[in-house]
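Below is one structure, written out as structure tokens; comments come after it.
Letters A, B and C mark the chains in the order given here, with residues in each chain numbered from 1 onward.
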Amino acid sequence: FPIDGRTNKPRTEGLTMVIDKGLGINETKDLFEVAANYVDFLKLGFGTSSLYDQEILSQKINLAKEYGVMIYPGGTFMEIAISQNKLEEYISMACKLGYPAVEISDGTVNISQEVRERAIAMALDAGLLVLTEVGKKNLRDKVQIEHYVKQIRQDLGCGAFRVIIEGRESGKDAGFYDGKGRFVAGEMEQILEAAGDTNLLIWEAPLKHQQQGLITMFGPNVNLGNIPANEALALEALRVGLRGDTLRLQFE
Amino acid sequence: FPIDGRTNKPRTEGLTMVIDKGLGINETKDLFEVAANYVDFLKLGFGTSSLYDQEILSQKINLAKEYGVMIYPGGTFMEIAISQNKLEEYISMACKLGYPAVEISDGTVNISQEVRERAIAMALDAGLLVLTEVGKKNLRDKVQIEHYVKQIRQDLGCGAFRVIIEGRESGKDAGFYDGKGRFVAGEMEQILEAAGDTNLLIWEAPLKHQQQGLITMFGPNVNLGNIPANEALALEALRVGLRGDTLRLQFE
Amino acid sequence: FPIDGRTNKPRTEGLTMVIDKGLGINETKDLFEVAANYVDFLKLGFGTSSLYDQEILSQKINLAKEYGVMIYPGGTFMEIAISQNKLEEYISMACKLGYPAVEISDGTVNISQEVRERAIAMALDAGLLVLTEVGKKNLRDKVQIEHYVKQIRQDLGCGAFRVIIEGRESGKDAGFYDGKGRFVAGEMEQILEAAGDTNLLIWEAPLKHQQQGLITMFGPNVNLGNIPANEALALEALRVGLRGDTLRLQFE
């Protein structure tokens, strides 16, 4: 491959998280047959996990297990549970359904630092892998970067496996992206400094130019999230230089 | 769910119509297994219904029947039949293939009021459910809003089950949407007044911000059409507040 | 059909080339069941062909053969092979895997005229159908139109079956398209003159307005490429006038 050093599964860096907006069983199987080696996490987007027929959901979770992909319900679902004082029920439901991981976020619902820490602790106690997310879904809710910097440090200190940097499904006008899908100047640097190690972050990067920019900046093993299911193989091509955009860099 | 009152199937309000641009048998089955409870109509977009192999088309129609989804051929196909003086043949073909509904539109072909009424009557006589559509596919063909207001009233008077408000597959520069996919000021109010009851309309809203705007305005049970197949579950999440955009409203 | 004269398979004009970004076996089968009559080539985009599990890739190639679709690996993959001095290995690998065709391009890697001709000759000798491509993936790499004019003539002279006009997967800011996906003024005319016969070209046209423009200009049997898999049937509807945009032309 034109770009060297891409990690293999099970990997701890170069993670790819795909967002699933409602894939059926055949589509899920198709994704895994083609790209399971390149997909580490499959997130059931938004609160869709609660809209599935139990039998279908159970088949999806088993299929993910079989192919070595960590499947988990989107953070919005837990935000709702917390806003309804059902944190315990949520964690226990996640375990019962067989999810290996959960995501803890406050993209829409405001959640106190105390509750956030309790949620992380409770999920860890239940044996779940914990991903946290920083950033607001709506730019109007956004608070100062100092807050996020602190939150990243605290989440990692509490045992979060990785911290996801919000980008939504659209990649625009959300989290740390502006209306054109570009990082707000200066914020990325502060996020990186807070994490200490780039590898502790997962950047939501649904758009190709975002994926390309992050790979160019951090190399083939940057952790990327919210990848559309039908772009999973194309992203892997981008990572290893099998696509014009990153291949071109080898000749400059 | 954060937003209460979402209707169940068989529903008469809160209808979702998905546009099918050429789903295969596995994909159709996937869609239904995951989202049949949330999908009321499946429209075979444009004139694609005539491009299928008969055996495959027949399988799709049977699959829809099995899952309780009303499948029907896009209005453009009937416009062509009418322009070729083949209205009778069209209706009889629809019955023979097993479609439970048809759509009568004049988005591209100009059709006289008399022929429109004849088409509605003929379809009703044949036992078909009739959806009509108002609006032109190309903004250059657009006529004054007064015409559409009158047409909505007439269609409903003639026995149309619902009137679809044109938005195309793109949601932009078509029907009643401008180049950014926003309603032309003032037109929505007149359309609503003509229908009398919002529930008698189906708004074509392929773009997320359109879906979100209509749900915010009319609640979770607004009738929406031209939903991309891979967005069907995400739309349901939006309807019931399982997605940041509508969930956020609950906290304001 | 409203537009007459659409060719049938096996066709030598009116070719449709679909870009495959990682379709699974079910999805590939779905595409072929629904649209194999309308799809002539299936290109495994970028260098994705090297990311598949051998067994899955072999199933895809066999499926394409069964449905009469010419499957081939994207040009970027051969550019990499050439840049690593592995042209022979590449051609022999393509034959061994059962690909009926290859694409020779220099969208990213600079390749001398001599090597280009050698690659064409070697592929022809191996019994492969040869598609070549002109145009750079990145507009910054673009050279003068005179170069491409010459290259088109030379490729056809060397035995290329068709010359593909670069448009990328995005259709914007690439090849001969500007940031809005429109042809740069004057270049299309020169490209046409170089080919002599429009039918010797395949226009990459991933966006609907590009497909519509080319069909309006050249008729239903213009050769089009980089069609997204889920748009294959919609494109056929556009070709034969079963979609508003081209149907409308019949009434003007």
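What we mean here is this: contacts are C-beta pairs under 8 Å (C-beta built on N, C-alpha and C of every residue); 3 or more make two chains touch, one makes a residue touch a chain.
If you want to know which protein each chain is, UniProt gives these names: A, B, C = Phosphosulfolactate synthase.
Quantities reported herein were computed from a predicted structural model and do not represent experimental measurements.
S.K.: Which neighbours do chain B (Phosphosulfolactate synthase) and chain C (Phosphosulfolactate synthase) have in common?
M.R.: For chain B (Phosphosulfolactate synthase) paired with chain C (Phosphosulfolactate synthase), the chains in contact with each are A, in label order.
S.K.: In degrees and to the nearest 5, what turn takes the CA positions of chain A (Phosphosulfolactate synthase) onto those of chain B (Phosphosulfolactate synthase)?
M.R.: For the C-alpha superposition of chain A (Phosphosulfolactate synthase) onto chain B (Phosphosulfolactate synthase), the angle is 120 degrees.
S.K.: Between chain C (Phosphosulfolactate synthase) and chain A (Phosphosulfolactate synthase), is it the same set of residue numbers doing the touching on each side, over half shared, or a different set?
M.R.: Shared-number fraction below one half, so different.
S.K.: Taking the mean of the C-alpha atoms as each chain's centre, how many Å separate chain A (Phosphosulfolactate synthase) from chain C (Phosphosulfolactate synthase)?
M.R.: 34
S.K.: Of all the residues in chain B (Phosphosulfolactate synthase), which ones touch at least 2 other chains?
M.R.: Counting only residues that touch two or more other chains, chain B (Phosphosulfolactate synthase) contributes 26-27.
S.K.: Which of the residues in chain C (Phosphosulfolactate synthase) come into contact with chain A (Phosphosulfolactate synthase) in the complex?
M.R.: The contact residues of chain C (Phosphosulfolactate synthase) facing chain A (Phosphosulfolactate synthase) are 21-27, 45-48, 50-53, 56, 76-77, 79-80, 83, 107-110, 137-138, 141, 168, 170.
S.K.: In the complex, go through chain B (Phosphosulfolactate synthase) and note every residue touching chain A (Phosphosulfolactate synthase).
M.R.: 1-2, 26-27, 29-31, 33-35, 37-38, 208, 230-234, 236-237, 240-245, 247-248, 251
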